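In what comes next, chain A is part of two complexes: it sits with chain B in the first one and with chain C in the second one.
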Partner chain A sequence: MLNNGSLTRYAPSVIGWIVLVSLPEWINVVAYTDLGSRVVILGLAAMALNFLLGHTGVLSFGHAAYFGLGAYGAGLTLRYLAPSTGLAILVGTGVGMMAAMLIGPLIIRLRGVYFAMVTIAFGQIFYFIAFRWSTLTGGDDGLTNWSRQPINLGFATIDLKSPVAFYYLVLFVFAVATAIMAKLLNSPFGRSLLAIRENERRALFLGIPVNLRIWLSWTVSCGFASVAGAMYALLNNFVDPRTLHWSQSGAFVIMAVLGGMRSFWGPLIGAAIYVVLQDYLSSRTSNWMSLVGLVFVLVVLFFPRGVLGMLGRRTQA
Partner chain B sequence: MTQLILFNLFNGLIVGAFYALMALGLSLIMNLTGVINFAHGGFLAIGGYLAYTLIPYLGFWGALAVAPVMTAFLGLVVERFLIRRVYGHDPLYSLLLTFGLAFIIEDGTRYIWGAQAVPYEVPSSLTTPLSSEYFFLTGYRLFMVALAAISVSGLFALLKWTRLGMRIRAGTLDLETVSVLGVNTAILRNLNFGLGIYLAGLAGVLAAGQLGVEPTIGSSLIMPSFVSIIVGGLGSLPGTLFGGLLIGVASALTSVFYPSATEAVMYVIMAAVLLVRPRGLFGQEGRF
Partner chain C sequence: MTRLKVENLTKRFGNLVAVADISMVVEPGEIRAVIGPNGAGKTTFFNMISGFLTPTTGRILFENRDISQVAPSQRVKLGMARTFQITEVFPELSVRENLQIAVEAALGYGLSVRMSEDAAEEVHAEVSELLGLSGLTDKADRFVGELSHGDQRTTEIMMALALKPRLLLLDEPTAGMGDQETFDIAKLIRKLHRQQGLSIVLIEHDMRIVFNLADRIMVLAEGRMLAEGTPKEIAANEAVQKAYLGTAG
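What follows is the complex of A and B.
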């Protein structure tokens, strides 16, 4: 996406990265470091969703399932398998991506509203498994008694206890994940996804195997959502079934739309606004849920193109 | 054992009837306008709560008659001022809008009526078991099944034989032509939305007597309704009805043999249907 090289094109990204890298230095003035980690993690999840929603044009309303699978994968690994944060992230990602790969063939033939409905419904399976299988997952009380472990690189050990250290791990994972997504979108594969979004029938006539590409895009998208989920579990040292619930999927969609789903970084901005707003509202009033609902309604009625869409910056995917 | 199975079968039929009533309303709205109404469960809860509030004044029967109508009226207002604005746009926006509405309604009912389930009185003439052997056959349960059956037949009759019903059916196939032929489609969609919400309100009043009513009742019933529609096939109302009854009975029977899969079984059925027949059991080819 940053391929024409002019200063004006690079400037927003450079400023964005400076803001993210320096975040622990200034965030304590207004909030706390974990809030920054939450923004980046949920931003990654929203960007992952947007890979499918904004760049492939397929409406998924069930991404919380894969986010939650990533979270449970990571949590269960640390609780039962091995005290390794790296392994936890890998397992979480693997579990979420595998589930998406398997469910993919059942849904890729569907389109539009139907696709959205089926993804929501499938997401609920994992919610009920997490809820019911309480001997393994802790059920409604959530999975506890585990915590993120120091990462041993061989020559050095990184202690992740402090929020700042963990924030930088999150940022590192975020940077790698977004770099891969940007690379994929700029590849011929990514261009074929845009072609599907713009005109599916035409893409089909050009010889693009549409359903296969949607399946790949779905798997990639859910895979990165589970990366975000694994990081979210590590952030809280806790997972509960609400991570998997469909209302969380709705939150991801609203983040993408709020920030601008036609742009690459939009969902991150949407996540920042949403997370900060929710954090603020839930500390002020017990009726934050209706206020969040009101945000949904207002966004649809007045900002359907999102913040970056409103600014009119025409970012090429 | 036979009795246990019969008991659960009957229970499943009742729960399935709730799913079907709710899913039929969702289907009606979706077929004509392409809007998936996430707030449908919220309207169901409102129906239940309104009946709870009205019972001291109107009695059980009065509340049963009035509460769904009031809910439907609220639906007409919501459609007029909110839902109408997203017709013809990407389905994404209608989903988000109704999603936000669902949040607002759930929180609103909690604010007005409290977070705890409220007690809901069913007349004693309906609660006594009709048979000592089949203890589960209370009047209220039979009454629910009968009323659900009457409502569904009423809906199908209305769609088949009245002018409004004919227009709704025609609009489902080709709204533009219906509009060109001189039907006010704004009013048509408004009334159709109200009709869908009426069914949700009615399901809410009935569910209140059976399950009690609490703010989260809507969000717990909305997913099974989605599954009913998917299993039955998008665009087919008889399919939706069948889907609702099928998953209701299936999860009730599963609760006898393998309780922890009670909820999961409906999703397994959905996956199987999608695998074999992506458009659903009674879905029309190429509609979605």
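What follows is the complex of A and C.
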């Protein structure tokens, strides 16, 4: 099996995983472990968005809503319900995915810019709810007075206080989530999504129920965005309404396009570039976003397939 | 059993009558050509049969079943498939993937995440057979978008065939092709027809194709049926010559 072709095919993934697993060992030289967690979490959110954008061909501009619902779901669980990190992740994911599933039927008939606009509108509804309902969410000040708790496995307890321990939890969740996404994409179901991306009319006349598939893809995509959101809340021990804001949705789109929409891992690379640029530049200038914008424009102009798309036409899992 | 029966089909867009009161019967194994000048309503007629448009009045029966209101994806399941005037394929996927998606859709695996080895083997075998039939085996792993117009059109026809239709609708299969490509497509259609016992309805501008392939020809002009008959009868028909063949050369 391991001929030259599969070597060049799997080598990037293997190197990528080695970099991710060994990250806490070397990142302190240049930055700090929480930055690594941020990259992986936002990378997961961008890959989740790209499930819909790059692999189904549907642009959502409202994924922050489900990312934020995941974050609030996790934060509120720990604040009010039970001191369980595992339950927080499950509730966050469930809330975000359920919201997407219910909103889906209202929007799946729309295409292109209309779909994008309506997803923004739904996202902003959640933003204003979180902003206004301050007795529950803390409003603009954010949801505080809670923190991630040790995970009790019965035979052992994992303390998540240290950034390194939390990083490995993030990486574990990321590995499971991306494995599921890769499995979905590499199946007849995933290929029917590619068919819709490539040519909706042809897909329809192959007997593929296009709207139903877009609904499923949307729900899966938002579900993984919620997982990322729950992890993001746990990372910061804090949630505020900006997690739900449309500009956060825009950031996910930028990450996906920057890294390469057509490749599976592209959005992770995009997230790494975005997060590191943000971290580095925002400590030097408050206009950091204009520099990120400049990088984005240059990539779109000169490498329309994104950073990974430029490296290899078909880099896949 | 009659394969396709169209009864008094009419389509209006506002005040414009695109198709007026057309009836047609297509038997199993028949190749039927629909010809007519631009704007004659051929494509509208076609779109109603495939379910892209719903008729204003009239009925469409597929194997005695009224399908006038049935959705396109359901018509596919009943045994109809079509190609488009402008080739509709999946350009950024390989020929193999294009056919694989079609075969998986036809076999009803479109929702599966996990596939048994037998099922995967079945799909693989069917894709290989379609590649062999089409003569595209050498180009199987190239992106369809990179292929010649003729090869893209062939891919599209094979995707339609992957659905194992009993009625195949071809909308101008040789549009925009050179002589050699046109000849190759005609040969392919002949071969498929012979092997699969398909009924085929095709719209075509190239008269060499029409008179070479069709068992019967229907001529439309300004939304109405001008004439219907065997190629010999149509060639001899004065009204047709005046309205169409004469002007088209």
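Rule of thumb we're sticking to: the second predicted complex is superposed on the first by the 305 of 317 C-alpha atoms of A that agree within 3 Å, B and C clash if a C-alpha of one lies under 4 Å from a C-alpha of the other, contacts with A are read in each partner's own complex, and residues count from 1 in each chain.
The working rule: a residue touches a chain if its C-beta (ideal position, glycine included) is under 8 Å from a C-beta of that chain, and two chains touch if they have at least 3 such contacts.
This one's a predicted model, so the numbers in the text were calculated from it and none came from an experiment.
Aligning the shared chain A places chain B and chain C next to each other free of steric conflict. By the touch criterion defined above, A:L281 reaches neither chain B nor chain C.
Legend: residue contacts after superposition of the two complexes on their common chain; A:A195 is shown touching chain C, with no touch to chain B. Contact with chain C, but none with chain B, is seen for A:L204 once the two complexes are overlaid on the shared chain.
An angle of 80 degrees, to the nearest 10, separates chain B from chain C at the C-alpha centre of chain A in the overlay.
By the document's definition of touching, neither partner reaches A:M101: not chain B, not chain C.
In the overlay built on the shared chain, the residue A:S187 is in contact with chain C alone; chain B does not reach it. Between chain B and chain C, more residues of chain A are touched by B. Figure legend note: chain B and chain C, brought together by superposition on chain A, show a least Cα distance of 12 Å. Residue overlap on chain A between the chain B contacts of one complex and the chain C contacts of the other is empty.
Remark: chain A residues 53, 59, 61, 106-107, 109-114, 116-118, 120-122, 124-125, 128-129, 132-133, 246-247, 250, 253-254, 257, 287, 289-290, 292-297, 299-301, 304 touch chain B in the complex. Touching chain A in their complex are the following residues of chain C: 50, 72-74, 76-77, 81-82, 84, 88-93, 97, 100-102, 104-106, 109-115, 156, 159-160, 163.
Looking at the complex, you find that chain A touches chain C at residues 183-184, 187-189, 191-192, 194-195, 198-199, 201-202, 204-210, 213, 262. Contacts from chain B toward chain A in the complex involve residues 30, 34, 36, 82, 85-86, 89-93, 95-97, 99-104, 106-108, 111, 219, 223, 226-227, 229-230, 234, 260-261, 263-264, 267, 270-271, 274-275, 278, 288.
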